[in-house]
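Below, each structure is written out as structure tokens.
Both of the next two complexes hold subunit A, though its partner changes from subunit B to subunit C.
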Partner chain A sequence: MNRLPIGFGLLLAFQAFLVVALWAVDPVQYTGQRLFGSILAAQLVIIAIFLHLYLSGSEDYDQEWVAVGLAFIVLICLLAYFVFAG
Partner chain B sequence: MDFLLFLIGILLPYVTVIIFLGGLTFRAARWWSIPVPTKVMLTPAPTTWPGVFERLTLEFVAFRSLTKGGWKLWLGAWLFHILLGVTLLTHLINFFDYGLWNQIGYGWYEGAGYAGIIFAAVVAFLFLRRVVHPGVRYISKASDYGLLLLLLSLILLGDYTRSFSGVDVSAVSQYLNGLLTLHPTLPPDNPAFLLHLLLAQVFLMYLPFSKVAHLVGWIMAPTRNQRNDARARWHRNPWNPVVELEPYASYAARYQRELEELGPGGERQ
Partner chain C sequence: MTQVQAVAKKRSRWNALSEWFDTRLGLANTILRPVPSYSLKPDYWLGAIAFLAFLICGFTGILQLQYYVPTPDAAYDSVQHFNEFVPYGNLIQSVHLYSAFAMIFFAFAHMMRGYFLSVHKRPRELMWVIGMLMGLSALGMGFTGYLLPWTVLSKSATDISIGFVNQLPDPFRSFLMYGLTGSGADGDLLLRFFALHTVVLPAVIFVLFAIKLHMFEVHGVVKPEGNSAPAEVRLIPWFPRIVAYMLLLASIVGSAILTIAVLFPFQLPAKFTYEAAASATPTPEWYFLWAYQILKFSVFEGQLGIRLALVLLAAIMAAFTLLPFIDRNPRRAPRQRPVYVTVGAIAIVEVFVLVIWGSMTPGMTIPAVQGVLVLGCSALATICILFVWHRQVVHPSEMLYERFLARKERQPSPETTQESARGDAPGSGS
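Right after this comes the complex of A and B.
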């Protein structure tokens, strides 16, 4: 079983979730701009992971970088929850 | 609820301390009693005790041996332990004297909060690394994931307790002081705090029987705490039976007749 497409699918689903969340939060009226920024930052990290995986192609890629990227997303989400939104 | 408060807040903490200290002592004593038949230090190793002290200090401060696992793992583990230290320090301040924060400054109190958030992210990295990296996943057991998940929930609950639960920290400090002075009182009736306390106790009780026992194990590893003096000193293997050694002079005196019967070549005439 190739796990890469599943990983891509999960990341895409997460990104879609973020977009829906953004739509629900409505940044035009919502004053929590830092929260908005943190969501964008999380998206950027996700795009960076995509890029890393894409550029690696079929070659063996460094999975630890994916873990680093995911951990950064966790960090951004935590900051958004505990600091920006709190 | 009062019974739960009594169980989690008064009874369990003392049980935890007994299991934690007893378990660690038991494990350390067992490691200590295992014979080391040969010199097994990892070379290049120091030849003197000050050298060994320097090596272990470097290991303790900088996790030198972990650099062999890659810099990303090293950074994650190092950050994890630094933030663990910060967390322990802030907990100790809350334990003994909550008023100390007024002297230290509000900025440091805020900083400790951020440290807790980064702490959770670092643990998340260590967990995700196990999930994402096939090599690490292959050597990971359920207990490895379980420990990290337990830690993650413990830290997240701690962050939540601090930021949103509205628990009275001075009341917590008073409660913890009561535990320390053996005059326990019921803990503050706050679900987030109680759950955090319970998870902390579960973690501390599990600690001596898990791989987190490297807390005492790192200093007892013969691969690092031995001197590289195999050629200079006789390393006594504690497994060997005691052998009575006889000097040649008394041996020769005892078997003089037999030895004289044998020729210089050691053959009977």
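Right after this comes the complex of A and C.
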């Protein structure tokens, strides 16, 4: 099974969720600027994963790097939720 | 559809998309030369990352410029207003601060990588000099930007630095003092630092960058030597792969700066007043702590001592700037330049030691013996570690590589084997 399209789909869904969550939690967007900064950082990691997958192309991409990227997104989101949103 | 066909279909879609853009934008035929495949590693792009951090600084700086008032009475209040009441103000200031740190850190890393890999050798001598001037301008940006919030720490630290300049002999003293402080009034000082930070130094960096980029396009990437030399070199055009690679690095660096900015947001120290300054212990930012610590050695007290210290610091900077004209050894591989590699490693270790030491002893005078002991021991430890590393790691790997080369030379190539086989065949001779 080719996991690349599934990975792309999951990341896009997650990105859409982040955007919706941001607007739902903080529609004015500047009262929680640290939360906004965290989510922006997570978005950049997602873009980095996309670019890594694109650059890997038809060659085998390093699943470790994708895993590290996903772990960073989770870490940043957890930090944003527990430290700043509370 | 097999997996190979699916991947090929996906690739053709990507290619079609990139070709659509390229037909309209002409990016594949850009003036930037194709990049060798071996340079698609982050350490080759440290200078680009430093310049990216400079651009982030510029963007966040322009946003702050809308609110900043460069007068001693209003500067602090305008920064405080931006920090507390302007949408995203604190985040923008934090990103500005940490991208400035990133610019200086990556510029230093870029310089030291170039030093160890000898990128300053012929014909790139002037590229090195221009890179050093860019690094000094970046330090100047940090120095002038530190004063602008007009806090008790920044103003006191700047006063001390200007006090050092005031110890210089004429005409250096009068020239620099007029350039930095004007009439000597606080208003003149702030306005000059503001102009240097927002106009003069960014313009200098942009011009130097343009010259360096042109020279880079002429000379290209330095090919690694020794056993790290690539077996084959593929040239990759800028669009779309190199652009994608640069965006990848920019995303990672931008994400790291943002994460640090939200975890450790910028906090404005107290406003400068002469009463508050009397009880404050001024410290410079971390990238000047090494020089600050040297100036605190007791041997550099008094006017003569300060002049000696300034001459020493100027000599260090001049030696690094003029390195291509000092290091005339044509060899590039680090293992063939043990003296320069050792000196570079000691320089890095001493800078780290001085920065940490300076942050732990703010405002304290350091006895000369203590200074000699700490710096001497760290230099000795560095030499010992390098010696052991060379004997245990570098030397055995070199031996293996040489054996591999010797075996490769002994083995006949397939063409030679075929020719000799034809030559040996009966009836083949004339």
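Methods note: the second predicted complex is superposed on the first by the 82 of 86 C-alpha atoms of A that agree within 3 Å, B and C clash if a C-alpha of one lies under 4 Å from a C-alpha of the other, contacts with A are read in each partner's own complex, and residues count from 1 in each chain.
Keep this in mind: contacts are C-beta pairs under 8 Å (C-beta built on N, C-alpha and C of every residue); 3 or more make two chains touch, one makes a residue touch a chain.
This is a predicted model, so every value here is computed, not measured.
With subunit A as the common reference, the superposed partners subunit B and subunit C fit together side by side. Looking at the shared chain after the overlay, A:L79 reaches both subunit B and subunit C. Applying the stated contact rule after C-alpha superposition, one finds that A:L70 touches subunit B and leaves subunit C untouched. For subunit A, the partner with contacts to more residues, out of subunit B and subunit C, is C. When the two structures are aligned on the shared chain, A:H52 is found in touch with subunit C, with no touch to subunit B. Looking at the shared chain after the overlay, A:G37 reaches subunit C, while subunit B stays out of its contact range.
Of all C-alpha pairs linking subunit B and subunit C after the chain A fit, the shortest spans 10 Å. According to the touch criterion, the shared surface of subunit A, contacted by subunit B in one complex and subunit C in the other, consists of residues 72, 79.
Only residues 70, 72-73, 113-114, 117-118, 120-122, 124-125, 128-129, 131-134, 156, 159, 163-164 of subunit B touch subunit A when the two sit together in their complex.
Those residues of subunit A lying in contact with subunit C across their complex are 2, 4, 29-30, 33-38, 40-42, 44-45, 47-48, 51-52, 54-55, 57-58, 72, 76, 79-80, 84.
Of all residues in subunit C, those touching subunit A in their complex are 3, 6-8, 10-11, 14, 87-91, 94-95, 241, 244-245, 247-248, 251-252, 254-256, 258-259, 261-263, 265. Residue ranges of subunit A in contact with subunit B, taken from their complex: 63-68, 70-72, 74-75, 78-79, 82-83, 86.
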